Amino acid sequence: MADLLEVRNVSVRFGGVQALSEAALTVRQGDITSLIGPNGAGKTTLLGVVSGAVTPTGGTVRLAGQDLSGLPIHLRAQAGVVRTFQNLEIFSNMTALENVMTGAHMKAGYSMLDSLLHTPRFTREEKRLRELAMEKLEFVGLAERRDALASDLPYGEQRLLELARAMASGPRLLLLDEPAAGMNNKETAGLGTIIRRIRDELHIGVALVEHDMELVMDISDRITVLHFGSVLAEGTPKEIQDNPDVVAAYLGED
Amino acid sequence: MGLFRKNFGLLAFAAALGLAPLALPNDYYINVLILCCFNALIVMGLNLLMGYAGQVSLGHAAFFGLAAYTTAISTATLGLPIPVGMLAGVAVSAAVAWLLAVPTLKLHGNYLAMATLGFGIIVSIVFNEAVGLTGGPSGFVGIPRLKIAGFTFTSDKAYYFLSAAVLWVATLVSRRVIGSRTGRALRAIHVSESAAQAMGIDIARHKRFVFVLSAVYAGVAGTLYAHHLTFVAPSSFGFHFSVQLLTMVVLGGMASIWGAVAGAFFLTSLPEFLRMFEEVDILIYGGLLIACMMFMPSGLAGGAQAIARKLKAGVRRG
Amino acid sequence: MFAGAPQYLISGLTVGATYGLTALGFTMIFNTTGIINFAQGEFVMLGGMLAVVLQKAGAPLPVAIMLAVAVTALVGCLIERGVIRPVGRTAPVNLVIITIGISILLRGAVMLIWGKDTFALPPFSGSAPLAILGAAVQPQSLWVLLITLLLLVALKLFFSRTIHGKAMLACACEQKAAALMGISVDRMAMLSFGLSGFLGAVGGAILTPITLTSYDVGVMLGLKGFAACILGGLGNPFGAAAGGLILGVLESFGAGFVSSAYKDAFAFIVLLALLFVKPTGLFGGPKSDRV
Amino acid sequence: MMLRLLSVVAALVLCAGQSLAAEPIKIGAVVSVTGPASFLGEPEKNTLEMIRDELNAKGGLLGRPVELILYDDESDVNKAVLAAEKLIKKDQVAAVIGATTSGSTLAIMNKFPAAQVPLVSMSAAEKIVNPVNPWVFKVAPSDRHAVGRILKHAQAKGYKKIAILTVSDGFGQAGREVLKELVPAMGFTLTADEVYGPKDTDMTAQLTKLKDAAPDAIICWGTNPGPAVVARNRAQLGMKTPLYMSHGVASRKFIELAGESAEGLMLPAGHLIVASQLPDSQPQKVLLLAYTSQYKDKFKGDVSPFGGHGWDGLKLVAKAVETAGSDKPAAIRDALEKITAFPGIGGVFSFTDKDHNGLDANAFEMVVIQGGDWKILK
């Protein structure tokens, strides 16, 4: 299968700190690739480079062959790279449904004039967006919470809402930054199922940064291990578990 | 039925605006109502910018003034037809906002407040000092009364109905902007710029859009104001008025169109009620501001909602 | 053409010291509570007006000034205790409106009690001007600069040496963590209002001999003080003081070399240009603050 | 609109006829009691209320009590317009005195011809009475006369080069326009033209620039407290160039604020501040002294020429009501226009249909500050 995301030789410096040096990451269409490593290894930075939030000092980012370098965040999103956030960034001033409809911002096919005049196109498109958003809410199991104010949802549901919102934008590549953070075991298991379904039913590529090793080993197709900003190892969960360097790095860290 | 319910607020608002003059004990109060309409227009635009998109502006009096002076100069000095002057006024406000938006809206929070504040002060200094153009501190005299297609708005009542109609249309436009994907994008930007960008929203473009839109609202109010008062002076467009506008937005209720109307009408007419306290009125005004914010942190709109919710709960329980 | 430069510089520094002291007051409160206190200018006004009133009532000048400063600091504490604390956690813009309300109240009260006139205070040590670098300097200007400098040093020591100062810095960094460490965030907030009242009042009292005072001088000072804060980078006390001096010098040079009509506009244009290049001020951190 | 108003006026007159003494004569006032111009508006308000009480104590006008309806415009043109509207439409007053500032007066004055109610302004701008608006009068003396007195004095001293320093508000702008016209017209060279803001606290930069232009004399145009700062800065810079002030600072407050640096400053002032030095034959002397002591007793403060505008405004309207024998606005207007040789605080007023200010250069006296007091310059 073709590579969906190809990150090559990416380096990032923050002031005097080399956050990433010559890092690489590959995500294949319909695969879940996890990015693991000790705290400060540069995982979130690497996701940032892919999403466009962090400008690298060198290296390339390609999505299905298209060079994304230099594109601002919103244009990368339009190209199909959509992320969730380590510290929840839901739109707390909207309902769950509105959050997901905002996710579908790019999907709306009407102009300002249409919305001012409430043309049939506007009505039709808004209806379609609502249905699309409902579909995503159902997908993550939040359908009946659609009219709840997002800030009123419990933490675990806010995480799911963020996922639904990201999916509504119709991504080709989903970047999930610690989606299970703060979830209990049951919620994490549910999340694992949803991520798997994203892969299996929607054939979206997923890049996952996660500390919960059980979840990572359970759902990942491939794993990339980052250590001090460089790739330490790359392979299937089995290969990674058996890799002595990885074991040493993790033991050394703890 | 659904359509009626959805638009009930707008219909009720139209009725209230239309019937308001009948409830007045005296013709004089028409003038207060006209000022209320002007202020509500500006505050509604500012609420789109601040309440919805979360971008503070402490310089909106400048857009109001730019439009007022532009139409004043166009019609009185250059002798252009009034509608042309008014269009030019709104266009100048919008154009200045468009130019200012790019560098300014990159700033955040207090820095944005300072930049807009500084802009407002610079503009008011120009109004004050460009005597040849603006008439300087003592003002610009001789602006013609509004005349459109041969009809002169001589009576204050006619002017009120015109202003009220414009305000109503502005309300409709605001509601439709907010109800569209642009509205959702603006509210998204308010909470999290990074998440909004991640959803493919071009935040620079949206911020600029709403900044220009709010300047257009202020501009429309400014042109109506100039041709109503037939006189403009720099003191009406200074820092003081910008702060008043901000107060109206917050007191009315952030991110609420009806709150904008309520805040503007309340604070514009409040001095009329406080007159009986003579000089102590200033203390009462200050005290009221503090009390409102202490007991109604979501403004008049939020307060009304809370009361409505309580009433509903009471009915259910009863 | 440039003969006037030393004079412009001196007068700019004197006026700038006013802005700087007001800006310092802003910074105290902002750092501890995250509030932009729009009543800051009123503290300066209160310091000046109270000193004038007390001096007129027969108090010797130093006593009048000390009392004025103490009363204003107390007013600052009372504002925190009576209004800010009961409000609790609320949107920052609500707090802005509340402090605007407070400034209207203070201004109104002073107007009703002591009237709308302008008042003067005698200088601390005569009015015979000194010649420095070809510029004529009022002795009071030197007092102002000296006291501003002393206050800066004292603040520096307060924050680095005293337990209260360190606690206030802790609140500034992380309120929750400070609370966990057993620091009373409420008390620190009150202290910051008191301190900022103190700073403002000192400014008002030492400047009145030069600038005169009246019930409404706080509006302009508050505005310029805020501008100075932003220019220096919000939250940095030394940035605030430097911002004030720079703003004062900009205005004075603007009046001298550009146009006296547009001197304020000139200062604000420079400020805007700076913000466009450096969005968090001259000495501000990279992080932008909350709205 | 007009018809309604007339009918209301007619009804009022009828009512008045029926219940004679009870119906008060309503006189409106728009005054900046608060806001930036309050230092002008406060003495105006005090004086207006004092004169009202004095009139009523003497039995009112035409045997009817005087009701003064005074609105504060908060130094804001919008509020001034609302106040004027209210006086015309709601209170239906016989005449209006105000507004305090030129801006407010210019904003409201076009309402008065339409409503056919006379307006007596207390602000200085020439535009108020030039061209003459039949319904609008003003009692504040014109800057033209004040500037004229200064420049005559300067001519006598043999000065050639004049520099001006004006405040950037309505008062300063009006003065600056007249100065820029008259200084060259009377044969001087205008060597420098600087301005300062009404809230500025340091004018050394402007003065340093003026110094470089080496003028023979400087004319500063503003109202307190700016000119006091100018005087102090001039002393600080050790400037010996003669400094003229405007009539806007002709109050004891100025000397108090400027302190020693006021010594030797010259200005054209109304007769109020030098009343005690006037010869007894001077027609204003008695009432100037009376006003000064009356005001001091009642308000524990010093008189200012601005308070005097209130005196002139209300007394002139009262005089017009009495000569007209009516409180009809039109009758008051006609009577106002016919008032001649009426001694007031600001000067001796003589209105004509071409002159609605009624004052000339004699309203001013050149004075100098000596020993902390005013001295008439010969």
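Letters are used for the chains, namely A, B, C and D, taken in the order the chains are written, and counting of residues starts over at 1 for each.
Note that a residue touches a chain if its C-beta (ideal position, glycine included) is under 8 Å from a C-beta of that chain, and two chains touch if they have at least 3 such contacts.
Keep in mind that this is a model prediction, so the values were computed, not measured.
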Closest chain to global C-alpha mean, per-chain Cα centroids: B
Greatest separation from chain C - chain, by CA centre: A
Interchain centroid distance [CA atoms averaged], chain B/chain D, Å: 36
Rounded Å distance between chain A and chain B, as computed from the means of their C-alpha atoms: 41
Between chain D and chain A, distance of the C-alpha-averaged centres to the nearest whole Å: 73
Residues within chain D bordering two or more other chains: 34, 168, 195
Junction residues of chain C - those touching two or more other chains: 111, 261, 264
Each pair of chains that touches, named by its two labels: A-B, B-C, B-D, C-D
Chain C to chain B touching residues, read off their complex: 36, 83, 86-87, 90-91, 93-98, 100-105, 107-109, 111-112, 219, 223, 226-227, 230, 234, 261-262, 264-265, 268-269, 271-272, 275-276, 279-281, 288-291
Complex interface listing, chain C residues touching chain D: 3-4, 7-8, 10-12, 14-15, 18, 111, 115-120, 127, 129, 136-138, 207, 210-212, 214, 216-217, 220, 252-253, 255-256, 260-261, 263-264
Complex contact set, residues of chain D against chain C: 34, 36, 38-39, 42, 168, 194-197, 199, 201-202, 204-206, 208-209, 211-212, 224-225, 228-229, 232, 235-238, 253, 256-257, 259-261
Touching residues on chain A, where the partner in the complex is chain B: 51, 53, 72-75, 77-78, 82-83, 85, 89-94, 98, 101-103, 105-106, 108, 110, 112, 115-116, 118, 122, 126, 129, 165-166, 169
Residue ranges of chain B touching chain A (in the complex, touch as defined): 173, 176-177, 179-182, 184-185, 187-188, 190-192, 194-203, 255
